[in-house]
Amino acid sequence: MKNLLKIALVITFALALVGCGGDNTSSGDNEYGCEVLNVYNWGEYIGEDVISNFEDEFNVSVNYSLFDSNEAMYTKVLGGTHYDVLVPSDYMIERMIDEDLLQPIDKSVITNMDLLYEGTLNKPYDMDNTYSIPYFWGNVGIVYDKTIVDPSDVESQEWEVLRNPKYAGQIYMYDSERDSFMVALKALGYSMNTTNEDEINEAYDWLVELQQTMAPAYATDEAIDGLIYGEKAMGVMYSGDAAYILSENENMAFYAPEKMGTNYWNDAMVIPKNADCPGLANEFINYILTYEASYDNTITVGYASANAEVFEEMGAAGGYYEGNPAFTPRAQNEKDEVFSNNEEVRELISELWIKVKNS
Amino acid sequence: MKRLKGLPSKLWLILLLAFMYLPIIYVVIFSFNDSRSLTHFTGFSLEWYEKMLDNSTMMESIYYTVVIAIIATVVSTIVGTITAIGLSKSRRAMKETITQINNLPMLNPEIVTAIGLMLFFTALNMRLGFMTLLLAHIIFCIPYVILSIMPKLRQLDDNLFEAALDLGCTPFKALYKVIIPQIKPGIISGALIAFTMSFDDFVISYFVTGPGINNISTMVYTSVKRINPSVNALSTIIVLAITIILVIVNIVPMIKERKKKKNEELA
Amino acid sequence: MKSFRRLVYPYLLWAIVFIVLPMLMIVFYAFTTEGNSVMTINFTLDNFFRFFSDSIFINVLIRSLKLAIITTIICIFIGYPSAYFMAKLKPNSQGLMVLLITLPMWINMLVRTYAWRGLLLESGLSPEIKVYIGMIYNFLPFMILQIYTSLSKLDQSLITAAHDLGCDNKMAFLKVTLPLSIPGIISGITLVFLPAVSSFFIPKLLGGGSYVLVGNLVENYFVTTGDWNFGSAISLIMTIVILISMYFTRKFDYSKEDR
């Protein structure tokens, strides 16, 4: 036991020394007044060399931190942690703008603005992109096994296929109140941003019936593996994840309901009010828009890039994701919507969702 | 007779170890998988090890996890032992109070402790980062240490201590020579549990840490979004490192002893 | 001897600052509602009414308690013999076993649970049984460690004395060893039961997602919904229920000691 303690102490000191050595990467003064940029992004959401290339080019160091949900990120920021760049989703950006947590992007620094894909700009959460610059985007749709599920069923019934008793016990429902209610509201022909309580209650009944007749498995990321290996035949998926499933299992197909419509989502880069280094943050955002960084991001992560050239190249003939319908989501469909932020509805849905799962 | 009786008990322990290590072996196997899957093995590759080594955030997270766990364990074990000894001599009301307070962090859903500490640190105007992370780990580790030591102290025979005093020991010498050796198993298990808790903590760490300070758990929880077997590779490395340390700790003294014996025989 | 009492005071202060104060903030949240401005604080019991007026929340609490109780009981039944046999090994092997039992826990809980998910994928077991396997796997080492601690270095002369007084092995165990190890069992129960009530990653991953527990509920209200007030109230209700039950466990423990 004593030996163990000794070894432990030696390791600590050794590591502490290494750590101290590593921290002293200051590069003296620069035009931004700071050498460290604090980036807060989703886990597994950046290209392998993007950070190191940025560090080399600007001679700064990046502190890279990760979050796993918009809400966890929001709680952290609200709790007083200072970050320089965040990558929240649409509705969260809207909320943060409403709550005055963001500062405007310095457009004079963002020289790569014209590289962006048109379809990702000027969305309702931030009408003229004052506060946010798109990062990744996509739709939500149904991934299904062509050998088990009849494609014509999916295309004719759209979201209702999730309640088709033929496929009972075969489906993954997305384990998040926001996405599940989106599916239900869209299936009923309502807006997914409805504030009408009757419509929401109807959606609740829709989901309860699904729970009772279809015995779905509620999953988020576990479903990716499950669909690749055919544990279930169908599931609600984000397009980027669907693209990965399709590339791993050729029996799988993806369909984003057109007539009923679906969620068009956008994750975008923003700078919080309490950022320590906004100057460098703007440079970072501009850097991400470049072809090299966007390409690296999209190749590594598999989501559709906001860089027009990268996005079109990937899906086109000879591209990395050629013929993969999930990789090329659509940005213009009348029935598609972007999530907006509404606090009361959020609470109501949250409580109803617990009831759905317990019904 | 003793031999015969030992057999079922050995078998039980072997089964227990098999149960404990089954998932670990599974984790190791899937770190060599050539696809992202964590449930279907499709072929051998070292891809995930390369990915892990390339991922500087992940490599840093190992450093922070180990350093925090070791410091938190050492501090909480010392503080916990001292407090437990004091507590064993305290009045029942005090015992009851501290025990109940200590139960709180174990009992509260982690998110509650996490938010509570985050708000508390920010209210004190402390900048969230390495220090707050370490402090939080010490805070939630101490109760585990106290909890592990208390039963051992209650088994303790007070007369032993009195006898040591009668034989001329100062109270603190008696403490060191008599009480500590008696409660040592409790201290060790307390330290092990503290280390484990610190090593494996996600929720609290996540909310009290600052930019750029990630631990292994943060890496794991945020990578689940897109299943990443690099996490398995990382776990495999941990298993390997622990095994090596274990071998050193257990084998080296044995070799030394053998040498000693040989020398004695020669002399 | 009594001078050692003073050793408690620094920690008492520490615990008040770092455990009680943050906890008070949570209590404060539980008795207020959102939208309360800082200037006019209105204390309210709304959050508690909301909890008790809906059977769903009560069911979730009961389900969580049931899961934790069954997990704890099974852990005792597997853990006690394990610890007992460990304490009978040679001293060197004992140390090794303690480490071998602890080590799997240094692999991240989520990683281990994913491994179980893969292992049990084609087992055909019901989700409920899978959840129990995962829970027991995760908490068993704590139980073993605590019971083992109370059994190791047990004064062997006591057992010898029992034998001399005509006890057979079984009697000696029931009259001497078992009572002496009760404090260890109680520590074990604390270490397993308390975190088990609020655990939710394991049930979520192994139980197919439709398994709502108090842990999910609180996490959901704190993070996803951002309703810290109701989240705090749920947590507080759970805390009180458990503290009461723990109080009775310890009362039982003390009453034995006082005799």
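By written order: A, B and C. Residues from 1 in each chain.
Operating definition for what follows: a contact is a pair of C-beta atoms (placed from the backbone, for glycine too) under 8 Å apart; a residue touches a chain by one contact, two chains touch by 3 or more.
Everything quoted here is computed from the prediction, not taken from an experiment.
J.: Among the remaining chains, which ones contact both chain A and chain C?
T.: A chain counts here if it touches both chain A and chain C, which gives B.
J.: Farthest from chain B in C-alpha centre terms, which chain would that be?
T.: Relative to chain B, the chain with the farthest C-alpha centre is A.
J.: By number of C-beta pairs in contact, which two chains lead?
T.: Ranked by C-beta contact count, first place goes to B-C.
J.: For chain A and chain B, what's the span in angstrom between their mean Cα positions?
T.: Chain centres of chain A and chain B, defined by C-alpha means, are spaced 35 Å apart.
J.: Roughly how many whole angstrom separate the Cα centroids of chain B and chain C?
T.: 16
J.: By residue number and range, which residues of chain B touch two or more other chains?
T.: Only 38-39, 115, 119, 188, 221, 224 qualify.
J.: Can you list every residue of chain A that touches 2 or more other chains, as numbers and ranges?
T.: Within chain A, the residues that touch at least two other chains are 1, 72, 75.
J.: Pull out every residue in chain C that's touching 2 or more other chains.
T.: Residues 117, 121, 222-223 of chain C touch two or more partner chains.
J.: Name, in rising order, each residue of chain B that touches chain C in their complex.
T.: On the chain B side, the touching residues are 6, 9-10, 12-13, 16-17, 19-24, 26-27, 30, 38-39, 79, 82-83, 85-92, 94, 96-113, 115-117, 119-120, 135, 139, 142, 144, 147-148, 150-152, 154-155, 157-158, 161-162, 171, 175, 182, 184-186, 188-189, 192-193, 195-196, 199-200, 202, 216-217, 220-221, 224, 231-232, 235, 238-239, 242, 246, 250.
J.: If we count contacts the way the header does, which residues on chain A are in touch with chain B in the complex?
T.: Spelled out, the residues of chain A in touch with chain B are 1, 3-4, 7-9, 11-12, 15-16, 18-19, 36, 38, 40, 42-45, 48, 51-52, 63-68, 72, 75-76, 79-83, 221, 224-225, 228-229, 241, 244, 248, 301-302.
J.: Please output the residues of chain C touching chain A within their complex, sorted ascending.
T.: Contact set of chain C toward chain A: 56, 59-60, 95, 117, 121, 205, 208-210, 212, 217, 220-227.
J.: Which residues, counting only chain A, touch chain C once they are in their complex?
T.: Residues in contact with chain C: 1, 69, 71-72, 74-75, 175, 177, 211, 217-219, 222, 231, 346-347, 350, 354-355, 357-358.
J.: Which chain C residues qualify as touching chain B in the complex?
T.: Touch residues, chain C against chain B: 1-12, 14-16, 18-23, 25-26, 78, 81-82, 85-86, 88, 92, 96-112, 114-119, 121, 137, 140-142, 145-146, 148-150, 152-155, 180, 183-184, 186-187, 190-191, 194-195, 197-198, 214-215, 218-219, 222-223, 228, 231-232, 235, 238-239, 242-243, 246, 250, 254, 257.
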